[in-house]
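Notes follow once the structure below has been shown.
The chains carry the letters A, B, C, D and E, assigned in the order they are written, with residues numbered from 1 in each.
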Amino acid sequence: MFDWLTFITLFPIIGVIILFFIPKNNGTVIKNIALVVSVINFLFSLVLLVGFRANASMQFEINKVWIKNLGINYHIGIDGISIFIVLLTTFLTPIVILSAYNVLKDPTYKDKAKEYMALLLILETAVIGALISLDLILFYLFWEMMLIPMYFLIGVFGGEKRTYAALKFFIYTAAGSIMMLVAMFVLYMNAGGVSFDLAYIISHVHLTATEQGLLFLAFFIAFAVKVPMFPLHTWLPDAHVQAPTGGSVILAGVLLKMGTYGFIRFAIPLFPKVAVSYAGVIGIFAVIGIIYGALVAMVQKDVKKLVAYSSISHLGFVVLGIFAFTNTSMTGAIYQMLNHGISTGALFLLVGIIYERRHTKEIKEFGGLTKVMPLYAVIFLIATLSSIALPLTNGFVGEFLILSGTYISRVMQWSSVLTIFAATGVIFGAAYMLWMFKRVMFGPLTNEKNKNLKDLNLREFTYLFPLIVMIFVMGIFPNFFLKRIEPSVNSFIENNINTRVYAKNSRVTLKLTKNQKRSKR
Amino acid sequence: MMPIEPGILEQLGMIIPLLLLVVFASSILLIDVFAESEDRAYLGYLTAFFLFVVLIFVAKDFNNNNVSRQIFHSSIVIDKFGLIFTGIFIIAGILTSLGSIDYLKKYDIAIGEFYSLIMFAITGMSLMVFSTSLMTIFVALELMSLPIYALSGLFRVNNRSLESSVKYFILGSVASSILLFGMVLLYGATGSVNLVTIGNEITTKYTNLKTVLSSDPIIIIGMLMVFIGFMFKTATAPFHMWTPDVYEGAPTIVTGFMSVAVKAAAFATFLRVFGLSFNNDALLHLANGAISNTSWIQVLNILAIATVIIGNLVALNQRNVKRILAYSAIAHAGYLMIGLVGYFITKDPITYSALVLYFLSYTFTGMGAFIAISIFEPKDTNKVMLDDLNGAAYKKPFVAATLAIFIFSFAGIPPMSGFFAKFYLFKSAYVNAGLHIPVIIALIASVFSVYYYLRILVHLYMKKDYGDVDVKDYKTTAGSVIALSIAGFFVLYIGILPDQYITIIKHSFLSLIGG
Amino acid sequence: MVSLNLFIALGIVLFFIGLLGVLIRRNIIIIMISIEIMLNAINIMLVAFNRYKFIENNDGLTYSFFIIAVAAAEASVGLAILIAVYRKRKTVFVNKLNTMSN
Amino acid sequence: MSNNKAVIMNLLPLIPMFPLIGMIINGLIGKFLPKKLVHLIAITALLASFTTSVIVVSKLVGLPEDSRSVSIEIFKWINVGSFGVSFSFTLDQLSSIMLLVVTGIGGLIHVYSVGYMNGDKSYSRFFTYLNLFIFAMLLLVLGSNMLIMFIGWEGVGLASYLLIGFWFEDSANAAAGMKAFIVNRIGDFGFLIGMFILILTIGNLDFNSIKIAVDSGIITGTVATVATMLFFVGAMGKSAQIPLYVWLPDAMAGPTPVSALIHAATMVTAGVYMVVRLNFLFILAPATMTVIALIGAFTAFFAASIALVQNDIKKVLAYSTVSQLGYMFLGVGVGAFGGGILHLVTHAFFKATLFLGAGSVIIGMHHNQDMRNMGGLKKRMPITHWTMLIATIAITGVLPFSGFISKDEIIWRAFASHNTIIPWINYVLWGLGALAAMMTSFYMWRLYYLTFQSGETRLKDHHVVEHIKESPKSMTFALVVLSFFAIVIGWIGLPHLFYHGKGIFNSFHRWLEPLVSESEAKIHVVHNTGLEWTLMIVVSVLVYISFFWARKWYRKEISVNTKIWAEALKPIHTLLYNKYFVDELYYWLIDKLILQFSHKVLWKTIDYIFIDNIIINGLVAGGSKTLGFLVGLFQTGKLQFYAFVMVAAFFFIFYFMTL
Amino acid sequence: METFLFYFLGIGLLTTAGTAIVLKNPMHSIISMIVSFFFISGLYLLLSAPFLAVIQIMVYAGAILVLFLFVIMLFDLQKSEYQKDKFTKFDIVSILLVGFGASKLVALVVTSNSVVNFSKAQSVSNDFGSVKAFAYSLFGASGVIGQHSFVFEVISVLLLAAIISAVVLAKKRL
């Protein structure tokens, strides 16, 4: 049957090649082609969704030998966990490309449209590749490949200190993932030195406790840098502040998810015992991330930095959800990954719009924009509400599932205390987002320059509208998504946590409620 | 392996590639003499063509004869190991000759000798790799070095170029004489200069390092002298000091050729010499059979780690691009050395093929990078500072793009061949040879290397925009474009599908043991 | 009777004298001469070994013959470099030639 | 009988659907429609949902007494693993009352705001937000599980945020809106954790499954206490009780109909509704009940004391609302769930009248809200004057009016119900209740006399004074209807003290009987009609004294001795006027604790200095650069030095090998 | 007699080599170098390698050092020029290092058994060091490749390369 996954991964590259032949100066043709390519790629990914059956098995699986001598094979596939993140990527890329139309108008980038579009498309390929690969080295290959386009996006198209931010981004991730490579060697060696295939290694590896601990730490650091988790997060604000709008939307929307996805796909299945025994500690770091991110966001002067710190806080929730190891919390975590991609993506697009008009990101420069840009205000409000998890928006479903799942988790130590502290994030979230919204949108229109700002034009509305629709659709009809995510999560927890860690088949993850107990008796 | 003495003609038949090289080198000279037109560009293309012809012969040899035979009284052996490395030298030669057309035109040096010297150097290198006796190695070493001394001093009008050739000449001669001194001592102890006989003599006479040291230290001193000779040529840690100055001073194209081909030749010969004659347990094991931690492999290991660290650290705050690439060459020599130690410990096809794959990838990456840098070199300065590259990407997008590919391949970032080369090397060293600490140090050091590699890209892409890039004389003709596209293509191709190359290389391993 | 190790000792001492010459003197000519000394020392030892230990063939002799030839080649290139340096820098002293450093 | 159920089933989802449709239409294309059409859409939406709720409630009345609870599931919202939540509505006795109150008063206020807002330019936006509020409130009321209630809960929070900050040009309004939302959010935090506890213990959040769990003893005392305490935190946030009341006075920044609808009648009562809805859970936790009662009583007293000295008419009414909510919680706290709901209903009507009256006064006075410049509006705005008078009488609790019935019921139950934890608590509760009642009547009559009597209007601007005239018909119509109910509505809940029959008069308690009787029975109430009469008389006397006192001071021109008294009570006055400096305390707390801390400590030191400068740029980047520089020093460029290093290395290695 | 001859030649060689590297004036050191070559050819004769002795004088001394002389005369260094080549502190360190290292090395080598107690075999086949032996090894006998003829050919290529390099380096205008 036609190998859709590889097709979707490589289709953007075809787009890049087509772009290659177009002369540099007619920017619009380049932009349109890039848009068409990305939209087509999104439609093809919908084919994936249609063909996806809501069960726990790995679907669209291809397993061909790639490098026999090194034991690396081209083993790809998606299941409930990764399908929607792939869709998120293909969904966000056309939006970002559409949003980039007038970024490329200002003189400094006038005939660099081709590079900008090519970088975005390559980024899409790398991310989808990483999401679908089930071979350790194939994943590592796409994981590192993601760095190049993002580096150039920040470095060439960024703000003043772009080179510093781009370099910091690159080295942070590269340094983090070096130890993961060593860990992969050890795993390969321990599993008999035959292949780097994930399933093969999981079934054939038997490590001592200390080895498992060290290797998990190596994987953990690599993914924690990407998430980013508390102590390793200082690259994110710099990267976001300097990155162009499109770059930071993709960075926040998709690249950050690679960290959390990495936890679920690689770190936990490989070392379930360690993951469970350290779940509490990781939970603490996640909660620190939530509260720290929220508090620091509150005092930011720069809108983009504020949204950057807010995504640190949101991803803290996701990590908490993952390491609670209950099916509600993990499904919620995966769902929250999608929500964060959409709501923070929308926020960055909106910040980008006012940046394009006023060329400043300082909050005090704005104020009372609602009078001048009402439609913009409505969309900004909806995005803010989704970001602070108001019910009937997508944020609420994710956060509620994570918090309720974490609360009832018996695997993670101190899970109830952590949930309470994490729930305070809901308050701080509302505080800094609404305070920012008030300072930017409400209040008197004093600043002269804001007086004649134009409201959203049609193009801007067209790329924001799908996000708004998704916010409500995912808020009101989450079952469509949850139905597909859940079976994979159940089987994940079943064979990674219940059987391999607790080795007895008691449904340990969920504290047995009394009436369930009674019904069981 | 049965040394046989077929007739002269048949023996000559086996070394056709070498002969062809010499013939072509001299014919280039003749053509140059009779040519009237001032412009010598066509010579570049001609050399490339000649080298390509030789490459075909090498490939033909590689496919049919599977048994390697020692000829000319076992002074050389024609085996797949030698053929593969000759192939690498020839590829480097082709890229150099194509890349040098523009470069020499920029410095308006119109001499044919440049190309013939390149050819002679390649002959020297392949002879070195084929030889199994120390004497042939010495002569071949000289045949390789003399043209390089001349080439590095090509810009007589530029102080740095002269200085680099003086330094290279004097230190090179001292190193060769130390190598000779070692040879003499070994000749004294074992009665022959043939590597295999030396090896057998040592194993028959002595059983472990302690007895060798106590009874016949001359062997150890001789071996050490040869070791030092090679350490100089491969620019390993304490003996690397000449590299930055020589690479910075020499013309960029020659630096490229030196950093890729000369280094590869030195490594290959070192592998052959120490693999055949000194890799026996007499020199490695202590009385109680355990591997002694004062054996030469241990020394090599320590030097390798030192090279990696020095190479990466010092490069961090260099401003001259050629000097950065010089230190990066040292760093890569360090990684290769770790691979070599891995090979010596295990002597299995995996570590061997990792090593050779790294050379293949490094050839394309190194040559490509230096050709691209040579295009960006401002006229008559023989110096490429980081600031000379500012905004160059918008003047020459193709050249800058290929340079970016090579830079990422140096840094070992996935789609480029550098990633798989580095990955395979470190995997074989870590998994097969058990060199845990050196690999971890190397990996950490390679993260530092990302910093100074990306600095080049920063200046290329991020420092200036379209408007304010002043017109520089970066004119490129077909030669360098072809060279860059060949190098770029292979860097990407090996990066994505390295499998068939690894199998070819593994195939060549069988003959090495027989040698 | 003169035994082998005397010759070898002589060769080694001569070799190190040559090496010392390279390290001490600034003048390139003298350095080249010391390199020649080192090569001669090697020749002496070669001949000595061949004469005392491996009398049946004269490999040692032919090697030293080759070494003389190679030394000649080296010397010619060395002097060519020296001329080029002198013509440009008007000096033959090596410590003047250190424009390149970190 | 079964077709009644069927009718309810398919009509019930329509009720919230109408305001939703109204909101969507007004939201999307309201800006382009003429003003008339905009408010027409909004009002018809409300009217439709009111009529359907009347039909539905009448059908419910038709059902037999014990099965008056119909629920319908529209679609499955979230189900993950064992935890399942679906969008489903339930109509039972309690929600029917709330339904009528919300749609009824909502409708009237929509009519009223046609007049009030006709000058405003973002007319359609106002009605969109109003419809959004009604939709959210209906969700809250009709929701059959805690999560749907939570959706409504936060939905009304959002609507109040939008409506308070309706005139966003003035940053004070926007700040008030934000403050309201954040304080509500703090309450919702408690609500959320409570829900998690329920999920932990019984696996889902449906009200009837909670009831089953309570009956079957799955939910023990401790779990119930913790859960109910947390739910009460949520209630405190939403219904502005002591610690979290600060947002309500500032919420007056919104248009007056908003204050009337949201901050008097419906939203703020959500907390009380939730407690009554979960009465079977709260009853299990006597500790929480005591806390609720205490906080209720104390809030009543505290808010009333502040209202005494406020000069802004809307501020007085705001603090009066806080105090009346305090009463409701007092009632519910002591177990008088029915009494609490009754007071909720009566309060909804007379407080709405008061607010709308204040609104028309403000319109009349051209948006001047300070009572000190009002006075003498009796003859200029007769209808507003009479309706306000009726509502004032009702709120102060004079016999025939509704206020007295419900408030007195609560005060009596406060005294009569026996508290297991602190036996003497009921005296304190009664005392606070009585004092609060006294203060209520004082500040209400002070408001009445200052605005309508005490001589001529003291407003400086004579031009405005001439033009004060009665508000248009749409406003006065709502006032008249509401004031009528302010009198009448109390009668349906007459306590058995006055009326023993089965008639309409105490139908309210009988109506709520099946829901609350079981838990109310658990509280031991003293039955001593004589005592009940005496206490009632004592309270009425207190009310009359403060009425007389206020009348003496404020009826004529502000008399000379009021000034003497004011001087004497100066310190207390300033304390009360500045609202016990609570707002300043909160601001200092937030500013110092959170903003400064996170700016200086979290961001600047940890993030910026510690991680970035010291570790990354300092040790890693800086360290390696200096190291590289040091190692680089060896590169002297002198050839002899290199040769020397080579020879030295040779000897060193040689020495090493021969070790 | 023979030992006397060895010591005479040996010491002569060492002293002349020493003076070659110590003397300031390059002319003087060249001359002392030529004298040392005479001592070396004497040693070769001692070691019964007459052909080599002759080659040493003709090729080494005659050709290579004469080349050096031409080059030096080409530069006609003034006295003041090469006087500047003074000893520095650094040289003393290297002298000490090399001296110590050399002595240790000699001590070790002299005692190692592949060197010690080998006395000269009396009778030497007549063509040991002779031209005939050389011819056989270089050019091989009737149809059989000589033992070292391959290396011989390579050296011819090497010389060609050396000539070209020298020309390239010495050309006035490229």
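Here is the rule we use: a contact is a pair of C-beta atoms (placed from the backbone, for glycine too) under 8 Å apart; a residue touches a chain by one contact, two chains touch by 3 or more.
The shown structure was predicted, so the numbers you read here are calculated from the model rather than taken from an experiment.
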Chains adjacent to chain B and to chain D under the stated definition are A, C, E
Chain centres computed over CA atoms; the one at greatest distance from chain D is chain E
So the chain most remote from chain A by C-alpha centre is E
Does C-D or A-D have the larger number of C-beta pairs in contact?
A-D
Where the centre of all protein Cα atoms falls, which chain's Cα centre is nearest to that point?
A
Between chain D and chain E, what is the gap in Å from one C-alpha centre to the other?
107
Return the distance between the CA-based centres of chain A and chain E, expressed in whole Å.
73
Euclidean distance of C-alpha centroids - chain A vs chain B, Å:
44
Distance between chain centroids, defined by C-alpha means - chain A, chain C (Å):
67
Among the residues of chain C, which are close enough to touch at least two other chains?
8, 18-19, 22-23, 26, 53, 59, 66, 70, 73-74, 77, 80-82, 84, 94, 97-102
Multi-partner residues of chain D (at least 2 other chains)
629, 632, 635, 637, 639-641, 643-644, 647-648, 650, 654, 658
Pairwise chain contacts, counting only pairs that touch as defined
A-B, A-D, B-C, B-D, B-E, C-D, C-E, D-E
Can you check the complex and tell me which residues of chain C touch chain B?
8, 11, 15, 18-19, 22, 28, 31, 35, 38-39, 41-42, 45-46, 49, 53-54, 59-60, 63, 66-67, 70, 73-74, 77-78, 80-82, 84-85, 87-89, 94, 97-102
Show which residues of chain D lie in contact with chain B when the two form their complex.
621, 624-625, 627-629, 631-632, 634-635, 637, 639, 641-643, 645-646, 648-650, 653-654, 656-659
Touching chain D in the complex, chain E uses residues 90, 93-94, 97-98, 101, 105, 108
Which residues of chain B touch chain C in their complex?
135, 138-139, 142, 146, 149-150, 153, 156-157, 159-160, 162-167, 169-170, 173-174, 177, 180-181, 184-185, 187-188, 191-193, 244-245, 248-249, 314, 318
Provide the residue numbers of chain E that touch chain B in the complex, in ascending order.
105, 108-109, 111-115, 143-145, 147-151, 154-155, 157-158, 160-162, 164-169, 171, 174
